[in-house]
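I am attaching a structure below and will ask some questions about it afterwards.
Each chain carries a letter (A, B, C and D) given by its place in the written order, and its residues are counted from 1.
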Amino acid sequence: MTAQDFFFYIFALITLLPAIVCVFHPNILYAGLSLFGSFFGVAGIYILLGADFIAATQVLIYVGGILVLILFAVMLSKDIYGAKFQDEKKKKIMPIILGSVLLGFLLKFILTTPWNMTLTDEAPLPTTSRLGDLLLTDYLLPFELASILLLAALIGAIILARSK
Amino acid sequence: MYTQFATVLIFLIIGAGMVPLILLVGKILRPSNPDPKKLTSYECGEEPVGGSWVQFNLRFYVIAILFLIFDVEVVLMFPIGATFRQWMISQAGKGLLVFAEVALFIGILLIGFAYAWGLRPPAQRKNHKPCPCLNF
Amino acid sequence: MSLPEFLKELFESWPLLGILPLWFYSLICILGLLFLFLFPFAGIAVYIERKIAGDIQARIGPNVVGPYGILQWIADALKLLLKEDIIPALADKKLFILSPMIIFLSGAAAYAVIPFAENVILANLNIGIFYLIAITSMVALGLILGGWASNNKWSLLGGMRAAAQIVSFEIPVALCILTAVLVAGTLDMTQIVKNQSPYHWNIFHNPFMFIAAFVYYIAALAEANRTPFDIPEADSELVSGYNTEYSGMRFAIFFLIEYAECFVICAVAATLFLGGWHPPFIDISGLALPLRMPLQVMVFMAKAILLLLVMMWIRWTLPRYRVDQLMKLCWEVLVPFSFVCLLGTAFWMALFKGKGVPEMIYALLGWGS
Amino acid sequence: MFAVDLRHYLILSAILFVLGIIGILSRKNSVGILMGIELVMNSAGINFVAFSKYVASDLSGQIFALFIFLIAASEVVVALAIILRIYQNKTTVNIEDIKDLKC
């Protein structure tokens, strides 16, 4: 039970509890806010896995960007006459059953397949410069295609969102 | 690496705990006699009119779109920024090739930025010139 | 090496303190930073700002409490502490309390990576400057919640405008920091300062870096909602925007964080562009450690406070921007400029294989320092 | 049992994935569905980074996590633009009411 395992369970809780709130809370604004906690838990998990640049990216893009966008959308799409955010009661039995069946399958696969893990316990090395080298050499094509995808998303979203 | 992030974690915990602590100190020391008059929302003295969940148009949303797209671009560029100097100093020959890769990546996105910039709302093309892509 | 590790090594041989774990030292350093540096600094900055404002407007600033009004900020803090803290009835209680926490967290957590001196940095992260951008991007979230929770038309619009302003000015800030990282070669803050030297500051590396420094300063000024870009708290229009409904100690937190963020901007500008703790053209790396580090802290603080005074000077001289002028400035001037600086610096580095103007001049003059 | 290894991370991301699926299926508000999609994206990210550390010790897993952020950001931008455009026309984001194409 080293410190890493201890922190793993803490960050797992920080990720899962807000995610449960986000899925089951009737008020859409509180659901959006609980995502804030869950994204921080995922950032903590990334740090434990030694991916420090990915953890900072997670905080920057998800918390600073996507969550701001979702909250903007939630506030823009509110009904006009000050009605509260109540999400009509939709019976949630079927999704939960389906979800648990799916979870059962996933857990069976995870626990039965023999993963050839290489358990290394030396401290993780900083990753940013190695990521940069990989992006410039091995993953150059996806890197250049990324800008085309961003361009398409940018122009598409602006055309849709620009009020005539 | 873990010790540095442990310090950051402690900083975040203390930072998060500091605000309730300050407010608790405040709650103990200060008077608290809430009367309905005080608790209405502040409208320069007049009676508050209608709920505040007013609805507004999409110009804030266009800003958020532009921000998120260019944020992702900056994130993809940071690992390259971290190794750019090594590439420039060591493989002297391929320096310009690496620059060409980076310039291509940014150039394609500049096209999107030029599009967002050149967006004139048809009605007010001549006289009033609002900020084009955000038509304020 | 970060401050907690340095202190642990320092007190290793002491009988009592030798056994303390590393996280205890970081706890002490964090509490020391918050209570000995952040809170007093914010108070003193308020006092200095009001004195400068008075001086610029040809009047005397606060001079009642204590000699020359030095204790004025303590009086203000106590007043805010003792003022009643009202939560409007219709307000969304949970969000109303949560929003100052998020804002305080993002404002204070940026101090973990500011390199005051060689070993005096709280967390020597390898992704130092990127962590700083990530943490300060959370402020927009806090502002939206603050504006939304206080159930007030003014604060809602103020919160939205503030979030839109912060969000849109984050692009020039991130691009200019990226330009500085291209030149510095690493994301680690102490390494960035070590790559510079008293004779070679990053700002003179190439002309594009010179422009990027100013673009960064202006954009960061706008990101911290400082005049001339403080539309959200424009007293005349939006009745101090998102913190309309906040009173008492909660309002003090918004106030505190504005000054904390201003110092972070000046500290980052000093680190990235003005050579961190290297004094101009005086080489102090030869001195012994116990003498060198205090000197380095003084040099770094001098640069940061100088930039802060410029920020206060700007605040009381320039008129306020309109919202569309502000957005036009950001998206039509600052973002193109930062893109040009980024590509220009990359081309300069590719062309001259990473050498800057000072190095070439020294090579010409044969100093080879 | 407590020593954390690859299986624990996979179990965590599986639970997060299933929560995302439940979120997508049980929400009537389309912005809520988008939040479920974000949870699914996050669970995929955890899987990639966990495999990058435990199985193949090079950084290819983290590169994929970086591209997941890219895809998630552009997906959210376009999806929310569509949702707000629907909201402008029909003043509702409730997926039950958006069934004009249905014959």
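Convention: contacts are C-beta pairs under 8 Å (C-beta built on N, C-alpha and C of every residue); 3 or more make two chains touch, one makes a residue touch a chain.
What you are looking at is a predicted structure, and each value in this text was computed from that prediction instead of being measured.
Path length between subunit B and subunit D in the touching-chain graph (shortest route): 1. With centres computed from Cα atoms alone, the innermost chain of the structure is B. Simply put, of A-D and A-C, more C-beta pairs touch at A-D. Computed from the mean C-alpha positions, the centre of subunit C lies at a distance of 34 Å from the centre of subunit D.
Centre-to-centre separation of subunit A and subunit D, using mean CA positions: 6 Å. Separating the CA-averaged centres of subunit A and subunit C is a span of 29 Å. With centres taken as mean Cα positions, subunit B sits 18 Å from subunit A.
The set of subunit A residues touching two or more other chains comprises 4, 50, 52-53, 57, 60-61, 64-66, 68-69, 72-73, 75-76, 80, 124, 126, 128-129, 131, 135, 146, 150, 153-154, 157-158, 161, 163. Counting partner chains per residue, subunit B has residues 1, 5, 51, 53, 56, 58, 60-61, 64-69, 71-72, 75-76, 78-79, 81-84, 86, 98, 106, 116, 133 touching two or more of them. Of all residues in subunit C, those that touch two or more other chains are 125-126, 130-131, 137, 160, 163, 167, 170, 186-187. For subunit C in complex with subunit B, the residues that touch the partner chain are 2, 4-5, 22-23, 26-27, 29-31, 34, 81-91, 97, 100-101, 104-105, 108-109, 111-112, 122-126, 130-131, 137, 150-157, 160, 163-164, 167-168, 170-171, 174-175, 178, 181-187, 239, 244-245, 248-250, 252-253, 323-324, 327-328, 331-332, 335-336, 339, 342-343, 346-347, 349-351, 353-354.
Touching subunit D in their complex are the following residues of subunit A: 1-2, 4-5, 8, 12, 15-16, 19-20, 22-24, 28, 31-32, 35, 38-39, 42, 45-46, 49-51, 53-54, 57-58, 61-62, 65-66, 69-70, 72-74, 76-77, 79-80, 87-88, 90, 92, 94-96, 98-100, 102-103, 106-107, 110-111, 115-120, 124, 127, 130-131, 134-135, 138-139, 142, 146, 149-150, 152-154, 156-158, 160-161, 163. Partner subunit A is touched in their complex by these residues of subunit D: 2-12, 14-23, 25-29, 31-32, 34-36, 38-39, 42, 45-46, 49-50, 52-55, 57, 59-60, 62-63, 65-67, 69-78, 80-85, 87-88, 91, 93-94.
Within the complex, the subunit A residues that touch subunit C are 29-30, 33, 36, 52-53, 56-57, 59-60, 63-65, 67-68, 71-72, 75, 126, 128-129. Of all residues in subunit B, those touching subunit D in their complex are 58, 61, 65, 68-69, 71-72, 75-76, 79.
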